[in-house]
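Okay, so chain A shows up in both of these, paired with chain B first and chain C after.
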Partner chain A sequence: MFKREKIKVTLQYELLLLPALIGFVIFFLYPSIQSIFYSFTNYSVNKLDYSFVGLRNYVNVFKDEHVIASIKNTVYFAVCSTLLQNVLAIPLAVALNAKLKTKFLLRMVYFMPWCFSGLIIGFLWSFILSSSDDGLLNHLIHQLGIGFLPNNWLGDPSLAMKSVIFVAVWQTTGWAMIIYLANLQSIPAELYESVKIDGAGKFQAFWHITFKFLAPAMTINVLLSTIGGFKVYDQILALTNGGPGYATESITFSIMNYGFSENKYAYASALSVVMLVVILLISLVQLRFFSKREDNIA
Partner chain B sequence: MRRTSSKSSRGGTILLELGLWVAALIVLIPFYYLIINTLKPPADVVARPMSFDLKSLSFGAYTKAFHDMKYGHVFLNNLITTAGAVILIVLIGSSAAYTLVRRNTKFHRLVYYLFISSIIVPFQMAIVPLFKIFVKMHLMNTLLGVILVFVFTNIAFVVFLYYSFIRTIPYQLEEAAKIDGASVFRTFVSICFPLLWPVTGTVIIIQSVAFWNDFFVQILFIVSPKYFTITRMIYANVGIFSTDWSALLPMFVLGMLPILIFYVFMQKSIISGITAGSVKG
Partner chain C sequence: MNRKTAAAMSGILALSLVLAACGKSDNGNTAAGNNAANTNANSESASNEPKEKVPVTMVVQYNPNLFADLEKSFEAKNPDIDLQLVFMDNAQANKVLNSQFAAGEGPDIAPMNVDFFKNGYAYKLNDQPFIDRLSDGAKLATTQADGSIFSVPFETWFQGIMYNKKIFADNGIEIPKTWDEFLAVSAKLKAAGIKPLGVGDKDGDVIGKMALGVVLSTGAIIEPDVEAGKKTYSASWKTGLDKFYEAVKQGIIGTDAFGMSVDDMVNEFLNGKSAMISMGSWQVADMHKKAPDFDFNIFPYPSAAEGQEQWAIGGVAGGGGVNAHSKHIDEALRVLDYIASPEGDAQWIAVTHGGPVIKGTAGGLDPSLSGLQDTLGAGRTYSPWEGFKKINGENFVRNWFKTSQEIVAGRKTVDQGLKVIDDYVAEQLKDLQ
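The block that comes next holds the complex of A and B.
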């Protein structure tokens, strides 16, 4: 009797876990593992059976100029947007932590772009940066008489990626700022008083206290922004559709292209594994580096 | 010690505030540009993008856009997928985390590590095989399919958030109920779940914004316009209207409006939710 009761309790517990576990396995874990498996085969939608080809897909990935370009683009995008976002967000957070009359309104304004869909924001900016004279930015450049500035913001291969990064930074800096603000509020005020007594200036106080104590927020911001940067798709699709040529294509563009347009399942799977490995490596290196910085706060 | 507010530092503060508003223009101008160009006759959109004349104010572009993007319909699809996925992820995620905390066996620890280590795995890893699974399960081109992908590609993170919180709830709170003969399910629903509100709030906010704005899942699994959501419809319409800006800009405004209203009213909870979610994540 007692034992039966115990089994009943166990069953009830497992029933609460089951929906999450089953769904997770079917819709995420199993397909992810299948991707790894397919990446070592020549599987494709057109064939009925497939065979193992060892590392051939991976070798091909690194021979494929188009794919290498997309990996380079993605790394460039992730690194630059993360760097700029944090360089801008820290001073912004420090400034908005001061006793300002309109600080809440200002925070609201800076954070707002983050809430909107990356696709719609991308389209909006594609109109603003349009290479035609009707594009807002070019219109302004003409009116201000500074026509010597470049104007093919999204069509020039050397400018397009920079424009894409600008839009990403424009949209996400407010988000990083919010994380820094929360961190700033946890820095004890006495620390500032003590360095003031030591005769340190504002800049020194910032460098020795603020910057150092923002380490936890920096870890989160850098990590999440880099991982997000590696997955980028919607914004670029709306802004440049990967162009000109493939100057702004990210890894996701390549996966979509080979997986769905050309039906090279195995090859696309190998690409997604490469994507995972790159994300894992970079996150590990960053975690190592930044957790050391966090340890230094004592 | 109180900070001495001398005249010069007050002047500095005003200057700082002014500077911040000038910088804020970089955020505001694109929205200003967007809105004024939806309120004037189409010909002026191309000819004079930055000018705005109250005399020629017209809402005609909005009635057209509302109709062209079948706004009511796509809005409803957005609402169904977002609300459905958020409700499901809260229920399934919290109950799974509850079991993982209260049943501390080897198997449960393994499941927990499986969940958290998958957080870093990009969704791109799953999409090619998932496509096949969707075809097999007849989930292609259904709102249910979209909801399921939303829920189970984000469940690991949600379980993680709930797990860390439930661990701080003392078991003694539940013991009394257990002794009274309440089932595990009853105990969870009536005692534990109400205490989880801080996490539930965070999950609702973060996931609502993410699901509402999603485009990637839509482009992968939705083909028929009948099931288009707002972003998917806007993408399709950019293809159709291509350079007709006066037709497209109001669609962008209509696309952003629901989230803007949500933001204005829920601003504080959004910001605290984002902070709580990422500090733990």
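The block that comes next holds the complex of A and C.
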């Protein structure tokens, strides 16, 4: 009788999982398996009756100079944006966790950019960073008499990706800050009191308590911003359209171009699988590293 | 009836009401006509009600509001159709439409390309009556190697170098005919503190097309030979491109162009901040609207060397075909039939300032484009990517635009850039085998 009741309860819970599971299978698992399947074929607009080509697409992916460039760009973007986002979000969260009268207003202001689509933010910043005479930032720079500063923000190939990273960090730091803020509020105040009694200064309290106890939020933030960084597309599309040349093209950009512009479905599928594997590996390594850090707190 | 049974019954009742309502909304238009049990009175009252208009969506790459007259005239003649024009940015149209068509969706009428046709997304138009109304040139350009026609052009488009007439007059500048003269004019304007050439090359198309305008003067219409494997771009475009990119060495064209959009470039020109821009017929309507008193004209791209003929970049691209999975194919064909008539074509080019593609269409060139009259009259207008019959020209030119940006940025030499283009074409042709 007891066992039947237990099965019934378990079934009820599993029934609740069913809608999500169906969505997961239809919108992720099935397309992913299809992509893996097509990546071993020569399926394209010119070969609708495809045949199997083994690992040829994977070999070609690593010979394609544009794909290599897009992988390098993506790694650069993901690493820099993740680092900057977290380095800025922690002090911001600490500051806005203090007893400020305007803290709720400031939290909203910093979080606001994240509420908009990356495309809108990208277009907005492309007006600000435009190298034309009407570009807002350049106009300001010239008005301030500091026109010697580099001002071809989106057009100089060595500066364009840095500008894209700046915009991405500007948009997403508020979101990371909110997660750190939530974590900060769960740190017991007694811990700060005890280190104060031990004679620790503010920096030592931050280093030994705050930074250490922010580990769970850091795991989430670093993981999600790295994955987001690897999938970056919309901000680049609006800011530079992947240019100049291939200077800011990301892996997703290459997948879109090969898949939806050139209709090389199998090749784009191979590229997607490579991206999936890279993200999976990096996520696993990160999870392992940060989980150990969390265990140390416990 | 216990509470559980009552709840189940009411649930079933609610579900059946929802399903009935869905069914009614889906079949509402046809149910009255098909149901034999309907009384005469009901049929009469149904026929007196105004029929619901069939919506036909059509992608345009201009401001849709500019076509209000065309829409009005069409709907006056076709009161059962609601023509809905939707703007789509040219740079993204290919990707957006491809994903929409692949999902069995998308607009009823849209710009089509050879890949869409191969995928079965574009409806074959060979048997449509309006095909015979196309001018010979337009028909030739839109007919594929296997004789298929899946897209109808609505206009010819063309572009050259637009110039500010006042700046030219104030500085005593003659219209340049060769690229050396163009560079000399630019240097003179620069010395006078005027930005000679405004370039908004964020998407790569402005410099890329300008370069091809100069290349054409070297007699480089080679696409049929390239597809036949008889010629390469490395051999044919080298002289023209070497000449063109001298503008980079002289600081007339630079990487600052990549940080500017076409809109930025046009606005600068209209505000008198630059003396020239490389632009075409499709921008003229908006330019007149933004600055009605601004006085400008256009000249063909200067030739690479003296004695060569000057060309304009242009073609019959644009227009549209019918989505093969559209629910309103007949209605969409009626829209094309109207636009591809002398009346519709005249209304279309009155907005776009392009040239006619339908036999018997009335209309002349906008005065601010008169500088291209002789060039167009002599038929010296061409766009290499439209010359392909086997490979997808749009993808070819997208690669060229990217490569051109890399040459301007100094990341590739002209020779390296041309090799990239040749390799791309070779790969596309190999894929067709």
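Note that the second predicted complex is superposed on the first by the 270 of 298 C-alpha atoms of A that agree within 3 Å, B and C clash if a C-alpha of one lies under 4 Å from a C-alpha of the other, contacts with A are read in each partner's own complex, and residues count from 1 in each chain.
Here is the rule we go by: contacts are C-beta pairs under 8 Å (C-beta built on N, C-alpha and C of every residue); 3 or more make two chains touch, one makes a residue touch a chain.
Computed from a predicted structure; not experimentally measured.
Peer 1: Return fit or clash for chain B versus chain C, each positioned on chain A through the superposition.
Peer 2: Result for chain B and chain C: clash.
Peer 1: Now for A:Val109: first (chain B), second (chain C), both, or neither, which partner does it touch?
Peer 2: After superposition on chain A, A:Val109 lies in contact with chain B alone.
Peer 1: Should A:Ala160 be classified as contacting the first partner (chain B), the second (chain C), both, or neither?
Peer 2: A:Ala160 contacts chain C only, not chain B.
Peer 1: Tell me which partner A:Lys212 touches in the superposition: chain B (first), chain C (second), both or neither.
Peer 2: neither
Peer 1: Determine, under the contact definition given at the top, whether A:Arg293 touches first (chain B), second (chain C), both, or neither.
Peer 2: After superposing on A, A:Arg293 lies clear of both chain B and chain C.
Peer 1: Regarding the shared-chain residue A:Ser261, is it in contact with chain B (first), chain C (second), both, or neither?
Peer 2: Touch partner of A:Ser261: chain C, not chain B.
Peer 1: Tell me which touches more residues of chain A here: chain C or chain B.
Peer 2: More residues of chain A are touched by B.
Peer 1: Quick check for you: in the superposed arrangement, does A:Gly245 touch first (chain B), second (chain C), both or neither?
Peer 2: second
Peer 1: Between 134-142, 170-178 or 260-268, which chain B stretch has C-alpha clashes with chain C?
Peer 2: Clashing stretch of chain B against chain C: 134-142.
Peer 1: Can you list the residues of chain A that touch chain B in one structure and chain C in the other?
Peer 2: Shared contact residues on chain A (touching chain B in one complex, chain C in the other): 134, 237, 260.
Peer 1: Using the touch rule from the top, collect the residues of chain B that touch chain A in their complex.
Peer 2: So the residues of chain B in touch with chain A come to 1, 13, 16-17, 20-21, 24, 26-28, 30, 33-34, 46, 49-50, 92-93, 95-96, 98-100, 102-103, 108, 111, 114-115, 118, 120-131, 133, 148-149, 151-153, 155-156, 159, 183-185, 188, 209, 212-216, 220, 230-231, 234-235, 238, 245, 248-249, 252, 255-256, 259-260, 262-263, 267, 270-271, 274-275, 278-279, 281.
Peer 1: Under the stated contact criterion, what part of chain A meets chain B in this complex?
Peer 2: Contact set of chain A toward chain B: 9-10, 12-17, 19-21, 23-24, 26-32, 34-35, 38, 92, 95-96, 98-102, 106-113, 115-120, 123-125, 127-128, 134, 136, 139-140, 170, 174-175, 178-179, 182, 193, 216, 220, 224, 227, 230-231, 233-234, 237-238, 251-252, 255, 259-260, 265, 268-269, 272-273, 275-276, 279-280, 283.
Peer 1: Which positions of chain A touch chain C when the two form their complex?
Peer 2: Its residues touching chain C are 44-48, 126, 129-135, 152-157, 160, 237, 240-247, 256-257, 260-264.
Peer 1: Where on chain C is chain A touching in the complex?
Peer 2: Contact set of chain C toward chain A: 91-92, 94-95, 98-99, 115, 118-119, 200, 202-204, 255-261, 264-265, 267-268, 273, 392, 394-395, 398, 402-403, 405-406, 408-409, 411-412, 431-432.
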